[in-house]
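In the two complexes that follow, chain A is the common piece, with chain B as its partner first and chain C second.
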Partner chain A sequence: MSLIKRKPQRRVAVIGAGLSLFMRRALDTGKELAYYAASQALQTAGIRLKDIQAVVMATAPDAFDGVHMKGEWLLDGAGGVGKPYLRAYVGGGSGVFSIISGWMMVASGLFDLVLVVAEEKMSSCQPHPQGAFLTIFDHTIERPLGPNLLWIFSLEQQRYMAAYGIRNEDIALVSVKNKHNALAHPAAQVAAHLTVKDILDSDVVAWPVHRLMVSPISDGAAAVVLASEQVARRLSDRPIWIQGVGWCLDTSYWGNRDLAYPRYVEKAAWMAYEMAGVTEPRKQIHVAEPYDPFAYKELHHLEGLQLADRGQAPEDLARGRFDRTGELPSCPSGGLMGVGNPIAAAGLMKICELFWQLRREAGARQVPGNPERGVAQAWGDLMQIGTVAVLGVR
Partner chain B sequence: MARTRAKPATARAPAPPYVPLRGHPLNEEEFRGQVGSTTWVPRLEYAWDAGVAISRFLDGLREGKIYGVRCRRCGRTVTPPRAFCELDFKPMDEWIELRDTGTINTFSICYVTWDMKPLRVPQIPAVIEIDGTSPRVGFLHLVGGVRGRTVTEIRRQVRVGLPVRAVWKPPAKREGAITDILHFEPVRKRANR
Partner chain C sequence: MTRKSITNVSQARVWRGTMPVQYLYTAGVAGERFFQTLRRKGVFAVTTCAECQVTYLPPRLYCERCFADLSGAWAEVAPSGRVHTYTVVHEDQDGRPLDPPQVVAFVRIDGTSGGLIGRLLHLRPQDVQVEMPVDAVLAPPRRRRGGMDDITGFAPRRVLPRRRTP
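Up next is the complex of A and B:
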């Protein structure tokens, strides 16, 4: 069954990208971080803020900052003053949802130039930003049990492992790969040369999750400039096209779901693939940036994205298929496990990475061959949303 | 005001974005002491209504019963109960008293609090599939009645697929809450489904 009514007629391109440093804690405010990334994206697109017709800002829970309606508060740093402005917010899925929202604004014909900014400053939240997630659980039947965010991820990882007989060594390899990839990323916060043993020797925080299988607390921002086809061709000699977008949410009764497989990611992926004309993802996708806030999530998401068979992603990883020089490079940026996880910004950082990879500008991070199409994906809320964007050179 | 440690912006990094990235990382000492930061402790209280369906579920727990609801259109029996089927978007058709036994769908052994303080005795959260529901339907609870504190000791007694039974608070102490079930404990022999 078709997941979209018809293929949108107006094409949308990414013509500029920018980042701030990703840091454990920054002196810079959220507005300042957003400004760094946004101004850099405008600069690389060769335009100025006055050329921008509308702005999308993605930022995750207000509780991180202790500022209610922080989308409005961050407006100035995102360049949204006096313009149509939209906050895109679907938890961890926000970063990729921001470009989907911007895409809708341009594809609809409303605007020709849209600035998309994603910012997160987690370090303000004391004593630990995990506190912001204590209130995602049902107030009557879950919170009295004292759940925290680590519970649900360790529960999901364990279900994934039990369903397919996956070992923790296989999952630790994600941390090794991504932290290593991030050594070549100038924004990276937690890049490192580590071994599987180092990962498994780190403390168990919530078995089967070890400390080095969890992405860090981060402050940072990312931004891209979107343009309509006509404007993109005028402003850029190498626009990168948004070929397809998709998103999907599963039930909030998460105890009623199959935690071993993210079917909502599959649905979001097929929506984006259909729009992009992708029928055989494993052949037609050349570089992937799946969401990796926890080590197992990259594998889980590669399966949801149809880039590995169910339960087989760990084996593919072990034989090098997802290395930067492998058959399907996955998280060549270094991902959230290596570059860092300022939540909304981390998702948009993945779009920035595809932009550079597909323009073959990625330098020390460049994947070999001539990648023509990539997919980026983010995930969040109560383990229930998949946001997917397919980008390509034509 | 802060003594900012300007990060040495490396001259032209060998990878994109090829420009010095902005940002001023702070170390712990700077964050705790020298930075002009302010703090605020929120004080808010909420009085939540349990809702039509969960109220009845909680009443059941007080009586030592676990309720589910059934939708005749999709044929699902689910718990926690809900007033309407979220798939068929119609009222649920009947209330069903489930057993107080089930199966561990997945579990974890958590050694930290939410603010990353170590726990001497780990918590064992689990998704428990409740007997009498449709396949793979359950809810979050805790596993108890397990000896030992290490991963090895606990994994010897707890595994995915293990039959478990609710351990209830004494009737006089129940208050119509999810915590009227203290935890689920492993059972050797399970009743027929």
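Up next is the complex of A and C:
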């Protein structure tokens, strides 16, 4: 069954990208971080703020920055003053959803040049940003137990392991790969040379999740410039095209979801693939940036994205298939586990990485060969959304 | 990328602030019936969409798949199920160590499409197994107040299984 009514006629390209450093606590405010990333994206696109017709800002829960209605508060840092401005918000999925929202603005014919910015300043939230998540659970059924996000992820990882007979060592390899990949990323916060033993020797947060299987608390911002086909061809000699977008939400009751397999990611991926004309993802996708806030999540998401068989991603990882020089490089940026996880900005960082990889501007992180098409994915809301974008050189 | 310098983070002075608001929540129409049933009878009230073949626990007033009205589609099930997955929590929500660690499970309730999270009681962390049968441990009837606290947790099922739906 087709997931889209018809393929949109107006093509949209990414023509510039920018990123702040990701770090534990920035002196810079969220607005300032957004400004760094946005002004770099404009600069690399060769345009100025006055050329931008509309702005999308993605930023996750207000409780992180501790500013209620922070989308509005961040307006000036995102370059949105005096322009049509939209806060794109689907929790952790917001980073990739931000270019989906910007894509809609350009594909619809409303605008030719749209600036997309994502920001998060998690260090403000005390004593730990976990606290901001206590109120996402059902106030009557779940909250009396005092659940936090780590419980839910640990429960999900445990179910994934039990369903397919996966060992914690297999999952720890994700941390090893991504923290290693991040050594080549100039914005990285938690890059390191580590072994599986180092990962499993770190403290248990909520078994089976160890400290080094969790992405860090980060401040940071990312931005891209989107252009219509005509404008992109005028401004850029190497536009990177948004070939397909997709998103899907599963039930808000996490107890009613399939914890071993993210069906909503699969549905979002097929929507994007259908739009992009991708029928055999494993052959037609050359580089992937799946969302990896927790080590097991990259594997979960690679399976949902149809880039590995169900329960087989750990085995593929172990034999090097997802290494930067492997058959299908996954998180060559270093991902959230290595570069850092300022929530919405981390998702858009993945789009920036595809932009650089497909233009072969990724420097020491460049994947070999001539990658022509990549997929980026983020995940969030109440652990129920998949947001997917397929980018390519044509 | 990252051309503009970002300043020395060690000198970032901070200001304290809170967002001081409090809330009064209702359990909802379906939630109220669930808790009153739990308080009076010690069983779980659920709703079923016959068309979608889904039995909702926690119960819902409508089917989220087809939007059918389920306000007349109530049933009751025994508070028993299977450990679908579990975790051993070593630190609290503020990152402080928990000693001893707590075992928390998601329990799929028999005869339903859903389940509940709860503490696992009367067993050691190393003895927990996925799919092991458990029964809810409820507060004594006179101490139940019609809230989640009425469920103390879940414990391994006794050798002789209890009778199903009363």
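Everything below uses one rule, namely that the second predicted complex is superposed on the first by the 394 of 394 C-alpha atoms of A that agree within 3 Å, B and C clash if a C-alpha of one lies under 4 Å from a C-alpha of the other, contacts with A are read in each partner's own complex, and residues count from 1 in each chain.
By our rule, contacts are C-beta pairs under 8 Å (C-beta built on N, C-alpha and C of every residue); 3 or more make two chains touch, one makes a residue touch a chain.
Since the structure is predicted, the reported quantities are computational estimates derived from the model, not experimental observations.
Engineer: Which term applies to chain B and chain C once both are placed on chain A by superposition, clash or fit?
Structural biologist: Pair status: clash.
Engineer: Please indicate which partner A:Arg159 is in contact with in the superposed arrangement: first for chain B, second for chain C, both, or neither.
Structural biologist: After superposition on chain A, A:Arg159 lies in contact with both partners, chain B and chain C.
Engineer: Under the stated touch criterion, which partner chain does A:Ser108 make contact with: chain B (first), chain C (second), both, or neither?
Structural biologist: Touch status of A:Ser108: no partner.
Engineer: Pick one for A:His68: touches chain B only (first), chain C only (second), both, or neither.
Structural biologist: second
Engineer: Answer with first, second, both or neither: which of chain B and chain C does A:Arg365 touch in the superposed model?
Structural biologist: The answer is first: A:Arg365 touches chain B but not chain C.
Engineer: Please indicate which partner A:Gly131 is in contact with in the superposed arrangement: first for chain B, second for chain C, both, or neither.
Structural biologist: both
Engineer: So, does A:Gln230 touch the first partner chain B, the second partner chain C, both, or neither?
Structural biologist: neither
Engineer: Looking at chain A, which partner touches more of its residues: chain C or chain B?
Structural biologist: Counting residues of chain A touched by each partner, the higher count goes to B.
Engineer: First (chain B), second (chain C), both or neither: which does A:Asp203 touch?
Structural biologist: A:Asp203 sits against chain B and chain C alike.
Engineer: Would you tell me the residues on chain A in contact with chain B in one complex that are also in contact with chain C in the other?
Structural biologist: Residues 17-21, 23-28, 36, 40, 66, 127-128, 130-131, 134, 139-142, 144-148, 150-151, 154-156, 158-159, 162, 186-187, 203-209, 251, 253, 255-256, 259, 352, 356 of chain A touch both chain B and chain C.
Engineer: Tell me, which parts of chain C touch chain A in their complex?
Structural biologist: So the residues of chain C touching chain A come out as 1-4, 6-9, 11-12, 17, 19, 23, 25, 27-28, 31, 35, 58, 64, 84-95, 101, 104-106, 108, 113-119, 125, 130, 147-149.
Engineer: Which chain A residues qualify as touching chain B in the complex?
Structural biologist: Residue positions touching the partner: 17-28, 33, 36, 40, 44, 66, 123, 126-128, 130-131, 133-134, 139-142, 144-151, 154-156, 158-159, 162, 184-187, 203-209, 219-220, 251, 253, 255-259, 352, 356, 361-365.
Engineer: Please output the residues of chain B touching chain A within their complex, sorted ascending.
Structural biologist: The contact residues of chain B facing chain A are 2, 4, 7, 10, 13-19, 21-26, 30-31, 35, 39-40, 42, 46, 48, 50-51, 54, 57-58, 78, 80, 82, 86, 105-116, 123, 125-127, 136-142, 151, 155, 160-161, 177-179.
Engineer: If we count contacts the way the header does, which residues on chain A are in touch with chain C in the complex?
Structural biologist: My answer: residues 17-21, 23-28, 36, 39-40, 63, 66, 68, 127-128, 130-131, 134, 138-142, 144-148, 150-151, 154-156, 158-159, 162, 186-187, 203-209, 251, 253, 255-256, 259, 352, 356.
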